[in-house]
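Structures are listed in the sections that come next.
Each of the next two complexes has chain A plus one other chain: chain B in the first, chain C in the second.
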Partner chain A sequence: MDELLLHPTTAGGKLLLMIIAIALFALVMALVLILADRPRRRPRWVTAAVFLFPALALVAFGLIYPALVTIRNSFFDQTSDDFVGLKNFGFILRDPEFLTTLRNTVAWVVLVPLLSTVIGLVYAVLVDRAKVEKFAKTLIFLPMAISMVGASIIWKFVYDNRVGALSRAYVTVAGWFGSEDAQAPYWLIDAPWNTFFLMVVMIWIQAGFAMTVLSASIKAIPDDIIEAARLDGVTGIKMFRHVTVPMIRPSLVVVLTTVAMTALKAFDIVRTMQGRLYHASVVANDFYTWSFNNNDKGVGAALAVLLFVIVVPVIAYNVRQLKLTEDIR
Partner chain B sequence: MTAARIAGPAKNNQPAKTKPGDGSREDGIVQNGGPRQRLGRRAARARRVLTSSAASTIAICVGVLWSVPTFGLLVTSFRGSVQDIRTTGWWEALKPSNWGGFSLDHYGTVLSGTGTANLADYFVNSIVMTLPAVVIPIFLALLAAYAFAWIPFRGSNILFVGIFALQVVPIQVAMVPLLTQYVNLGLNSSFWVLWLSHAMFGLPLAIFLLHNFMKEIPRSLVEAARVDGAGHVTTFFRIILPLMVPAIASFAIFQFLWVWNDLLVALAFGGNTPDLAPITARLSDMAGSLGSRWHLLAAGAFVSTIVPMGVFLALQRYFVRGLLAGSVKG
Partner chain C sequence: MKRSLGRVVVAAGMGLVLAGAVAACGTDDKEAGGGGDSATTADCSAYEQYGDLSGKSVTVYTTFVDTEGASYEESFKPFAACTGLTVKYEGSKSLTADVLGRIEAGAVADIVAFPQPGLLQQAVATGKVLPVPAAVAQNVDQYWTASWRNYGSVGGTLYAAPLGASVKSLVWYSPSAFTQYGYEVPQTWDDLLTLTADIAADGQAKPWCAGIADGDATGWVATDWVEDMVLRSAGPQAYDQWVNHEIRFNDPKIVDSLKEMSKILRNDSYVNAGIGDIVSIAATPWTDAGTPILDGQCFLHRQASFYGGNFAAENADVGENGDIWAFYLPSSDPSSKPILGAGDFVAAFADRPEVVAFQTFLSSPEWANEKAKVTDGGWTTANNGLVKSNLKSAVDQLAYGLLADPSAEFRFDGSDLMPAVVGSDAFWKQMTAYFAEVKPEQDVADAIEAAWPKD
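Moving on, here comes the complex of A and B:
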């Protein structure tokens, strides 16, 4: 029974368990819904509760309660037994290596959204006039389907010191300028520039997202406005600066914050490409290392709380925007 | 649509065709339009066609540049000689004289049990992990979104805002205590943990996204069903669900890509055993331990990418729709 329902080891066993799980889920849902439908005359809030309960219960069990425990743990020692006040936060803020991590994280959260958005915006404007729009968009968009782990391997190969495209290109270009036996830099080792080369991977993925959202936003600008501007003699760069950008400002804000949040939380790229070595770590990566490799629940929780605190302004802003759109409606 | 907008003014130079409400300024200019005006317009149009082809060229160049990294590793995964991969750039393999060197050997190695990296097991794990982790949150979120959209109750707004706010909360904040809860329940290191976690972490976005789509359904349709005596459950299945199919597809592809490509949940809850860990966890480990054995890493990366890439290309339309509904609010 244990093998069947908890720890299957063969491919067949795993697939069977998957089917059992889906069937079980369907059964439970059917029971819940039959319960909701039986006596027709019952207070409305009972029906609402039945529809909402499964989702809210899972969110409470999996997000809200554990988050509260994490906040508590950040003030406790590594086994969560003794209260230590702000010691964990003091520890991470005094560690010089952690200050490097913090600096890297700031670079990720600021530069990745900016560069992705600029590239995505320029590209969206370019393809907006192109005949091959759909194909050109797919080329930029495709990295979004690749996992960050896959993207990391793809780029690690680009950066490979011996056979990587970037290293070879560097040596070739250096050859044109007369240096015969130039050595390509160690892209992923030399700090602080290695952080930039790691960020390139994220920008490579996120530019497609920015391009898609901004392109849709550009297409939604009313024709009359473009016409009016054109008849006033506004073209090219001026049109872009004074008409296009102001018109799509809300989408720009959404793209910038969304990419910033992704860049803040992602540890996949740093971890897959080099772990904690060479001063290129970020807060999300340190969180994983402290929580699951060093098994220090206190410091790990403090790092998670730090991530959360950085996100709070974005949450507040989003909620305000939601309220505004609701009011308009 | 874009082409129409750009070509529009050049073609549309007869006063009679001016749409009402286009603004008096335009009317004035169009009425004054003589032959000189028309010539000027033709020049402007020619300039636009020129910039258009220049823009196309630049766009394609950037697009190709964007694809080079992926293409390079793809070519490498098919190069038979490990020695060549280690010593020469991948573009060497594209020379016609080297075409004989392509083979599928490395794919055989990473998929069969003989090599250091047996990815077949992990691939199965990814499939087993992903399907329920997509189905469960969709159904639960549909129910919740229905309640938020069509069953008025006190506190509905504040609850919805709460769920909405949870979307951006980093899941790191929940992971360690959640693992403890799983251990207490005796569920740790099983697929149940992966399914539950992905379902829970996906729910806030799912509810928000599906609610956005569900609001668009005409109120009259739902009310007509209610007047005919249909209960909420009947309305949900008969009226709402069929209309929500495109929206469900949008979120499904989102969640599919997220679950399949995720590393954090995979590592923290899936460990690194062939019985449970999905392919991303194994691949990330290989990138560290295999260093520059590019023939294995390349083939491995593409084995893990083939499924999400296929789903993505097949359902791109829905993916874009979901992206826009989720991120461009109002």
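Moving on, here comes the complex of A and C:
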């Protein structure tokens, strides 16, 4: 019986397993809901506990426990058996290539949110109340539906030196200026520019996200404020600078920090398109390589801890801004 | 009450999405039929020694997927049909990344085919790998050479029997093009350099094609080149010292070997990836790198025996007098014949009788011959119980002949034996820089030496 349930081999068996799994899930959820709904005279904290328990248990097991183990491992050797103190961190910081990796990571965290937000904001303002607004928004939002790995593979073809769209365009344009046998640059090989070409992939995806959020908050600006500004003779760029941007500032900050956190985890794009080659690695990618390719859990964990340390200020800022936004409302 | 019913429906809906996601994440998990198959007509006498294993099952984990994986599953069928054993086969390209984690979690398959001896050593270090049973050890002694037994051993104990093998010291060329332009297969390294110069002087096309890109494994093709050059320029003895780090990676002998290699691979008029300069070698997938020979865009390409499948996929006539064939990468001294190769090794994590039986079968000539019969090309083994004519592809027969050649000095792919930090990271990375940044040989060797673990 356990054989049938754990290793179904036929389509019917798999379907049956799926139905059983769904039924189990629904049953548990129903039980939680009914329990929480039943007796009315009960302290509030019991209700709260019943609802919080599944989430807390999952966070503790799936997030806090692994985080603690990772921090512990960063002070242990490659098989996590012997305590080595700060050796792993020293090793990382002495590696000249790691400085390049750190530089790349910083570039990702600064440039990707900035460019995505600027592009998304300008686009949102430009198409706001235009005739083709919905269609124009759909166009830029579409890449959001593509996974990072999928997008990376698409862009890898764009950058391909022989058949890539970008390379062909380069050769064609060079031809117009009289260069007969121009060769396209190696977009993904020549450092440090290759990091920028990798970032383009994430900007392509995240600009749609920025546009959606910012467009919504632009629409939420009360009409009377706009009208008052108009009566005072504010138009065009001034309206954008002195009315629109200050009014949507909280959303801007949330978009910036959210994209910054995504950029910090830019592992999939780098790994799919580049691996650790050509000086384009980022911290998350190094962490994977050391943990699973080089099988050195100590150095891998130390890299993860470093990444965590870098992320903390961004998250703290993000949470603070979210709170501020809620307080305003 | 109506409200809670609504919530239950929502919960069920969420469950559906979850279950769908789980179902979509399934791995390449298939079974090679157990009993009652079409193979019942096969002769079962060779399998009688394994007894009746009906109702038992064994799990196998390898790196082989798609058609390669299918041929493995196919090769298990006669055994399964005769003994009644159910073989549960799983293939995954990410085995090297996840197998140690699986071992630690106690969720590893009964039998794992390790693609590198270096990884096997790390697995043995966990203490979970069982030494091979006596019957397997006996097979290994009988059908493999001592050096192959050595690659499957850690600290003198045999933990894994060899499975497949490949020969890497091959240069692909087109016999028809050679006849057309009057070129001859070189017998020494110097002949090869002369031939290269001649082809370049004739100006039909670049003499060599190369390409080393392979996703995040980019660079391994170049490390094979280096290993072949060290074997030829510094000799097999220095090669062993180099692999075991008894001499440093930036030893003058190794740097000289790199420089010897640069005579071909760093000469813009001798080599590219079909188009562009040397940097294009770093950007071109290894799978596409050799096929330009068929279009006359180049004449020579150094790549392992398994590359034959790529030519077969182009419908090329692979054969000694056909469109494409391979010659042995010659050494400087024709009296020595070093051969670079690689292979995979089967270790077990359980000692149930059915696991022992299946493990013994995998080390037997019966399996090797069965595998040869169901593989279209790109596979061979160093098992000397294999009947050469069972291999379907002429290249595989050529490779098997080289492996069985008693005058040849076989050496295992060095990057597979080095620590992973070097063998599948620094070595790959620096050899990619060798092309992409035209990094000087000495700097390449120094950087790899610096990455070698210190203890």
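As a working rule, the second predicted complex is superposed on the first by the 279 of 329 C-alpha atoms of A that agree within 3 Å, B and C clash if a C-alpha of one lies under 4 Å from a C-alpha of the other, contacts with A are read in each partner's own complex, and residues count from 1 in each chain.
Going forward, a contact is a pair of C-beta atoms (placed from the backbone, for glycine too) under 8 Å apart; a residue touches a chain by one contact, two chains touch by 3 or more.
Predicted model, so just to flag it, every value in this text is computed and none were measured.
Participant: Considering only the touch criterion stated at the top, classify A:79 as touching first (chain B), second (chain C), both, or neither.
Facilitator: A:79 contacts chain C only, not chain B.
Participant: So, A:237: does it touch chain B (first), chain C (second), both, or neither?
Facilitator: Neither partner.
Participant: When the two structures are laid over each other on chain A, which of chain B and chain C touches more residues of chain A?
Facilitator: B
Participant: Does chain B (first) or chain C (second) touch A:48, or do both, or does neither?
Facilitator: A:48 contacts chain B only, not chain C.
Participant: Output check: A:18 vs chain B and chain C. Expected answer is one of first, second, both, neither. What do you get?
Facilitator: Both partners, chain B and chain C.
Participant: Once chain A of both complexes is superposed, is A:278 in touch with chain B (first), chain C (second), both, or neither?
Facilitator: The second partner, chain C, only.
Participant: In the superposed arrangement, which partner chain does A:226 touch: chain B (first), chain C (second), both, or neither?
Facilitator: first
Participant: When the two structures are overlaid on chain A, which partner does A:188 contact: first (chain B), second (chain C), both, or neither?
Facilitator: second
Participant: By the touch definition at the top of the document, which applies to A:309: first (chain B), second (chain C), both, or neither?
Facilitator: In the superposition, A:309 touches no partner, neither chain B nor chain C.
Participant: A:33 in the overlay: touching chain B, chain C, both, or neither? Say first, second, both or neither.
Facilitator: both
Participant: Both chain B and chain C touch chain A; at which residues?
Facilitator: The overlap between the chain B and chain C interfaces on chain A comprises residues 7, 9, 14, 18, 21-22, 25, 29, 33, 37, 162, 271-272, 275, 292.
Participant: Which residues of chain A touch chain B in the complex?
Facilitator: Residue positions touching the partner: 6-9, 11, 14-15, 17-18, 21-22, 25, 29, 33, 36-37, 40, 44-45, 47-48, 51-52, 54-56, 58-59, 61-67, 69-71, 73, 123, 126-133, 135-136, 138-150, 152-158, 160, 162-163, 165, 168, 204, 207, 209, 212-213, 216-217, 219, 223-224, 226-228, 230-231, 236, 250-251, 254-255, 258, 261, 264-265, 267-268, 271-273, 275, 284, 287-288, 291-292, 297, 300-301, 303-305, 307-308, 311, 314-315, 318-319, 321-325, 328.
Participant: Give the list of chain A residues in touch with chain C in this complex.
Facilitator: 7, 9, 14, 18, 21-26, 29-30, 33-34, 37, 79, 161-162, 183, 186, 188-189, 271-272, 274-278, 289, 292-296
Participant: Taking the complex as given, what residues does chain C use to touch chain A?
Facilitator: Residues 4, 7-8, 11-12, 14-16, 18-20, 22-23, 29, 31, 88, 96-98, 100-101, 122, 125, 215-219, 275-277, 279-280, 282-283, 420-421, 424-425, 429, 432-433, 436 of chain C touch chain A in their complex.
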